[in-house]
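Labels A, B, C and D are assigned to the chains in the order they are written; within every chain, residues are numbered from 1.
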Amino acid sequence: MRSLYNRIAGQNLDRLSALSDGVFSVAMTLLVLDLRAPAAEAIHSEHDLLSALAALTPRLITYMMSFLTLGIFWLGQQAQLDRLARSDRDLAWLHIAFLFGVTLIPFSTALLAEFMSYRTALLLYWANILLIGVLLYLTWGHASRAKLVKDDTTPVIVAAICRRILIAQSLYAFGAALCVFNPYLSIAVIALIQINYALALPLTPRR
Amino acid sequence: MRSLYNRIAGQNLDRLSALSDGVFSVAMTLLVLDLRAPAAEAIHSEHDLLSALAALTPRLITYMMSFLTLGIFWLGQQAQLDRLARSDRDLAWLHIAFLFGVTLIPFSTALLAEFMSYRTALLLYWANILLIGVLLYLTWGHASRAKLVKDDTTPVIVAAICRRILIAQSLYAFGAALCVFNPYLSIAVIALIQINYALALPLTPRR
Amino acid sequence: MRSLYNRIAGQNLDRLSALSDGVFSVAMTLLVLDLRAPAAEAIHSEHDLLSALAALTPRLITYMMSFLTLGIFWLGQQAQLDRLARSDRDLAWLHIAFLFGVTLIPFSTALLAEFMSYRTALLLYWANILLIGVLLYLTWGHASRAKLVKDDTTPVIVAAICRRILIAQSLYAFGAALCVFNPYLSIAVIALIQINYALALPLTPRR
Amino acid sequence: MRSLYNRIAGQNLDRLSALSDGVFSVAMTLLVLDLRAPAAEAIHSEHDLLSALAALTPRLITYMMSFLTLGIFWLGQQAQLDRLARSDRDLAWLHIAFLFGVTLIPFSTALLAEFMSYRTALLLYWANILLIGVLLYLTWGHASRAKLVKDDTTPVIVAAICRRILIAQSLYAFGAALCVFNPYLSIAVIALIQINYALALPLTPRR
């Protein structure tokens, strides 16, 4: 039997959304702290400055990748929360665990930017994407099992959200597995998967 | 007699929630700044990178502990605010003081991560948890005394929220007291208490 | 004649509140970045750690002062926004300027913590408080002149909000002027004024 | 044909606003991290401190410029979102891309502060403003084409929002082009354009 406290806690969907938007917006903006202006002492000409900026390219690429990742998962979480009629404490904790994974993204991004040629860095980055994907899948599973979803959420919609996560994570896993050949290949494939998810609609025919 | 200004200030529960969600989300995300990517110069192989990452384990543990702490208190504050019908200036200030304690968590976490074997660090970490616990208790006491709670908040609910805080803080105090024997034992016990609170519902039978 | 664009911009009070809550919560939490854990190399005993933490006291004091400052002005801005029925572009820009002053607080706080015995640091800290006070006064003046306030906002309430700002700023100016004698005296007096504003209600008789 | 998932994702205008307010408020507050208190060792008198603070002037100027930039684009985005009746996934992604540009502002500001006399830094700063301007233009184009706007949004209003962006960006481009003569001239002109936009209404006659 649940304690009374546990039955009244974690019921506020608005605050769960607000906390999530806060965490995502801070994580998105903290990513920029890894893009540091070059040290002034080493720069003596426009050419020096351009070279120093060019050297930031790997960080800019991982920055954009991570921004895409955060955008994809922010939209994914929002699509779920929009379908909910109510919340409970378990759902709140599953989302807090999901946000924990989100706050790790700036760290795994910095690691990948610094050690792009290392499989360890690439696999940790992928593990981070996997972690938030698994947690997003669990939140949805719990929401549909515990009947927290809105009445108009048909089984077709429930399945569409599950399928979306499974397909995306399979693609990411495939991309990560390519690091057996070359970590850069993995990064390129993961980035393409992300760009595909971000652009999917504009490129496909409208109705 | 209160001044007119003081009677019109601090009445907005929505903005109090918004400020709180902001502070919690920034504090949760700032914790990651203590997880720093190893310096590139010291890393010459996958093995070096794995070792350097393994050395981050204490920071990762304190990071997770503090994320749990913030999650527990965010839910605790939310459970209270959800029961309120209105706010007043005293309540707003008590919550601001509570948020002050929350912003200290990244500092006391960094201290604990750096000085895990020191009782001083452990006791300061515990003092921080105690501070926000006491303030959360005071906010609820004020809310029920000043009749700010919703009409359907029965004395049973009022008591359940108080009891929850008292029991949790007793357990944390017990955990902290164990540092007489060994600070690591304290950390392990406090972490277990936190995990218990986070997981409590999923592990207990449903109705 | 205003351009059409300017007539439709800046009308959303909710987003103005949300931006403000965001800026305040980030500023409140960034203050903690100045409380840094001591360097591990210099610490060899519990006693070393306690001494190193004791040396952080000035930073902790300025941290608490600035948290109080931010709390006072957050409540002051909220009291104003709660009285508004609508917004316009000028009001939005005055609040953005106010938020600019708010984001300077972590800087002027760090300066004061580092240079407590210098009049320059104290006067800059006070100038920061003056700046946000003046801007809060201007926002209210504009709101009442441009008839943005709710219908039930009587002239008595309009005057009470103005008076509150003027009295508080006079007290801060007096406190700052005491740096002619001693900057520490100024800090103590300003801190007492802030504590008085934060605690005012709990200490005065209730009705 | 769009997938079911893509038809249900990204429809929540409130969360899009909340994410945007979060990103803007963090970006606005992170700017202050570039204003660092001078190192205590180098300061031995009030005069030293004043000189050290005077040396921060370029950073303070770029800080204010960027705060103005963020304020202008925050209002611009808000004016658009206020006119929307609904959202779709493409609109959400266009706004996420816009927010990506916003998070780059603290970086391009730090670069400009450090390398004020370099054309590269000035042109990158301008490119950042151009990027977020173009994205804001695209979001509006998509919103009006995809019939996401409210019914009372007349073609005159649609055109006014487009025109505003085009004129502002033309002026910024003109300002940036002046760096052929001198980067400082560019900075001064861009700052004047920004101040004009921020102050426009107060200086023009009321009706």
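Note that contacts are C-beta pairs under 8 Å (C-beta built on N, C-alpha and C of every residue); 3 or more make two chains touch, one makes a residue touch a chain.
Since the structure is predicted, the reported quantities are computational estimates derived from the model, not experimental observations.
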{"item": "Same-site or different-site touching of chain B by its copy chain C, using the half cut", "value": "different"}
{"item": "Reference chain A; chain at largest CA-centroid distance", "value": "C"}
{"item": "Centroid distance [mean C-alpha coordinates] between chain D and chain B, Å", "value": "35"}
{"item": "Chain centre separation (chain A, chain D; CA means) in Å", "value": "25"}
{"item": "Junction residues of chain B, two or more chains touched", "value": "18, 21-22, 25-26, 30"}
{"item": "Chain D contact footprint on chain C (complex, rising order)", "value": "1-6, 8-12, 14-15, 18-19, 21-23, 25-27, 30, 88-90, 92-93, 96, 99-100, 103-104, 106-107, 110-111, 113-115, 118-121, 124"}
{"item": "In the complex with chain A, residue positions of chain B that touch it", "value": "17-18, 21-22, 24-26, 28-33, 35-38, 40, 43, 46, 49-50, 53, 64, 67, 71, 74-76, 78-79, 81-83, 156-157, 160-161, 163-164, 198-202, 204-207"}
